[in-house]
Amino acid sequence: MSVSFCGLELAHPIVNGSGTFDAIAAHAAFGEELLRDFPFAAYVSKTITLEPRAGNPPPRLWEASAGLINSIGLPNKGLDGYLRDDLPRLAELCSLARAGAGVPLVTNVMGASATELTRLVAACEARSEIAAIELNVSCPNVETGLDIGADPRQLEEVVRAVRPHTGKPLIVKLTPNTADVALCAQAAEDAGADSVSLINTLRALALAPPTTRGGSDRAGGRSPGRAWLGGATGGLSGPAVRVVALAQVAAVAARVQIPVVGMGGVRSGADARELLDVGARLVAVGTESFLDPAAGGRIARELEAITRV
Amino acid sequence: MSDRTSARAPFGRRLLSAIGVDELGAYRVLRVADDGPGAEPGQFAMLAAAEDWGGGEEQRPFLARAFSFARQVRGEAHFLLEDVGPGTRRLCELDAGDGLWVVGPLGRGFSAPVAGRRAILLGGGVGIAPLAILQDQLTAAATTVLLGFRDGARAEGAALLDGARVASDDGSVGHHGRVTDLLAEELARDRNAIVYACGPAAMLESVRAMCAERDVPAQLALEAGMACGFGACFGCVVARRGGGYLRVCVDGPVLDAHELERVDEHAGAPV
Amino acid sequence: MSVSFCGLELAHPIVNGSGTFDAIAAHAAFGEELLRDFPFAAYVSKTITLEPRAGNPPPRLWEASAGLINSIGLPNKGLDGYLRDDLPRLAELCSLARAGAGVPLVTNVMGASATELTRLVAACEARSEIAAIELNVSCPNVETGLDIGADPRQLEEVVRAVRPHTGKPLIVKLTPNTADVALCAQAAEDAGADSVSLINTLRALALAPPTTRGGSDRAGGRSPGRAWLGGATGGLSGPAVRVVALAQVAAVAARVQIPVVGMGGVRSGADARELLDVGARLVAVGTESFLDPAAGGRIARELEAITRV
Amino acid sequence: MSDRTSARAPFGRRLLSAIGVDELGAYRVLRVADDGPGAEPGQFAMLAAAEDWGGGEEQRPFLARAFSFARQVRGEAHFLLEDVGPGTRRLCELDAGDGLWVVGPLGRGFSAPVAGRRAILLGGGVGIAPLAILQDQLTAAATTVLLGFRDGARAEGAALLDGARVASDDGSVGHHGRVTDLLAEELARDRNAIVYACGPAAMLESVRAMCAERDVPAQLALEAGMACGFGACFGCVVARRGGGYLRVCVDGPVLDAHELERVDEHAGAPV
């Protein structure tokens, strides 16, 4: 099932969705088994920003029908902290992954402007540990991420500005919260992106339950319409969004020539197969890894089994 | 029990089977056939029923749920459950032989008491669970057990530990009032102690404050809504003293009281 | 729980989503009980177009995770057929509904252009049986419906063109498949709409299962990526979309002054309560009626019970 | 059995309880305590388990599922089930006393045979269900029963009707071949008949064609993916002869063969 993606040779088409798998924490929790049976053919870092971010106040999670709403708020050490502390460690883990065969490391970055993104991309360009760069222009929890990604014109500008600063594969992660995602994908391709990835989470809202488990009201008195999440609105992921993702990935793959990384609600090899069947080159697994840290490997095996048939 | 290096979980979820669910007053004790590594007191596992997990009007549960190891005996792991929603309800209904998806043991457990200090185990409600396995392993140190409950049915949970002094909000059992009243007494009597606490956020917060005041070391086992339990989602955070956040699942669930400015309202066991 | 909406006095805030309850067919199936316990405080017709439409070829349905994808394609007798055959019958049923108390009849119309919509609206204006008009500018199954509704500028033009032709309450049903639904709601309000309703279904895709129940392939040979629905893509509804709907309704209610009709995945009084809590005036029930034709009434009672607390 | 005016369903879903699920070869017979109105042969109900409906990896079933009344006896409604997916599987697992959401009876059933004509009941696979209740009510008319199955385990379903001639694709029981071969024989012998058919789309299509050719009246009980079952969603359509579509749930499920140009591949029982 090996597949080539923007010049990278991957053992299979399954990778992780940015921000859904912390390889450092997972290694601390699961040890060497994680590296031996590393679930992904490439590893995507969570989103890195120029300045350090603490992330949103809790609560950050809400369980929706067949899905999860998150409002994490992109906590990260900032570019310098990432390059200094995390990148070397991640690079080491990636090189040891798959019993030493190693997996490429993709770094996902987000900036509020073309200037910020350019600095982030330039810094990544300078680091040989980084095999590819993913631009997050789609995070619904951060105003700018949304705005840039939802507007084809702005998106094209930003990608054009960034493109010259790296020779590494440049993946643009699109927002699903837009009228015509294929138009955005087209804009990214026209601006020189090597790949587009989608979907990010769908904008969603969860309200604080009027009463908590004990029957007593957390807020002290019913406060109608009070958002549960510290970040107010959040992003929906998981099985609930799978068919929406499938529609958007199909629309994008039909529009652009560059390879597409499809994701959204994938739980099984059959789900991954469907994204590939509508034109994705790679499939990313996010929320399902929360239910099973080894889900990516299981899905890759299931995919191979179906595909051999 | 080690010093902050905790047992490692097998990678990936494991399909284990339920041995049975026993009543314990208002609580249930879920017994699972578990040949996995031993858990440190304070560590937890993410559990989900292999069948009939989700659906219905709410279409929940979807994610696995976190539960402290309450005990480990001869290939059995015990979990103390309180039915507070669809996930715990489903787990309370497991029959012998039913499949269970388990990830764990996870997180950082309690650390060993400083030699010479008395260990005070202070639990509230279902939060007594990790104190039971802690007591099992604290054989050496002198221990005092203080448990608080909302009512008599819940107070039956005290049977999980030996020699507990009990307090109940409704006065139906033991001291009529808060378990922290008992802690005040104990610390007044002898402060040369270390407090291991798990329970509702409000309780943990007063334990933190009392111990800080009296400058008694305290380890607090926190809770938080969790999606993954192994540091992947960054969803389970609590504010760290001095800024930033800690992930309860990997930096905790047991935290040194000094790591927190205060215990957030979301960071405790079901009230 | 009585509520006033654009000058109409409703017994409670629960109505039906357009195209999810055929009162004529339901009366044939359930008889007088339907009228006695009529589940909705107002009745919304399915979408009517100028010309008759047969609708999309089957299959038209796909069950998604905690939801339903439909590609019905707005089958209807066309304006003349509706006014001649269905309207009188619907008006009669509405007058007999709720044990004779009666419920207002809302007619939902869709047109490919301002001209078409104007003709539809003018025709409705002339019929006293019609209490209010809903403009469907949001149906993801029909190109134009999508385009108009997703672009605030176009939407404003269309509503401005239509507005002068009716004195009846004019409700604009927004599409959720857009970058900023509040902007679209604002445009509708600026153009003179009396209310906005949302959400319509989320664009989604279902693929034909590679093998059917018998293990034999319906399509004869695996045809990767073959759409299951006769209409290719469809629209997702039901619990899976509820939190997305909640976010969009909250955003819209925060932006506009006119009353908002909220819908999307409502299964219970608690779900309806949440939509009201974020600012909706009425709540529409769609997919849940498929699981229980009397769901609207049950939800209204549950809502009243919670609200009284 | 009336002429195209069918029994009316109580408004709203009813919570009924399962009496039991019996094996019948490859099929199951679900017996439900039903005090509701009598069903016309050919009518169906929308069924969903009250508990554990949905969830799991697929997060399905969500919608109710349509099933023909196979029999009604003293306050019991019987349904013949074939496990083809998550919904039928769950229903096959119902225990006595389990709750069931039921909407129905729905749709238009078979109409009475024209006096003097022999009734030929032709069923394929699980499609034999509505023919059983039809046979129960066709006491007057002379009837011939022809049933076809994929294999022997399924052929055991023939026990649901009396005096059936059976065909099986694998030859394990009765005629080795298609049930339509038997129909050809019967019509060759005597065409003064009316055919009542239910089964896979391909079978219904050849029945339609054969009867049209020989100009024998035929009533076909169709299937279609359904969301509501009472005309609300317009999802269950089949192409009508002369253009447009019919809603299987309210215009059918029983349609006069003349109403169709051909039987669509999606319009039959599980193959």
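Observations on the structure shown:
Going by the order they are written in, the chains are A, B, C and D; count residues from 1 in each one.
Keep in mind that, in the parts below, a residue touches a chain if its C-beta (ideal position, glycine included) is under 8 Å from a C-beta of that chain, and two chains touch if they have at least 3 such contacts.
Remember, it's a predicted structure, so these values are computed and weren't measured experimentally.
Each of B-C and C-D has its own count of C-beta contacts, and the greater count is at C-D.
Computed centre separation for the pair chain C/chain D is 32 angstrom, with centres defined by C-alpha atoms. Computed from the mean C-alpha positions, the centre of chain A lies at a distance of 48 Å from the centre of chain D. Multi-chain contact residues of chain C, defined as those touching 2 or more other chains: 62, 64-67, 239-240.
Multi-chain contact residues, meaning those touching two or more other chains, occur in chain D at positions 54, 59, 62.
Under the stated contact rule, the graph of chain-to-chain touches is complete, every pair of chains being in contact. On the side of chain C, the complex with chain B involves touching residues 66, 239-240, 267-268. By the touch criterion stated above, chain A contacts chain C in their complex at residues 62, 64-67, 69, 146, 150-151, 177-180, 202-207, 210, 224-225, 233, 236, 239-244, 246-248, 250, 265, 274, 276-279, 306.
Listed in rising order, the residues of chain A touching chain B in the complex are 19-22, 24-26, 28-31, 33-34, 37, 46, 54-55, 57-68, 70, 72, 75, 212-214, 216, 218, 238-239, 287, 289-294, 297-298.
Touching chain A in their complex are the following residues of chain B: 8-13, 48, 54, 58-64, 84-85, 101, 103, 106, 150, 224-228, 230-239, 243-245, 247, 250, 264-266, 270-271.
Residue ranges of chain D in contact with chain B, taken from their complex: 51-56, 59, 62.
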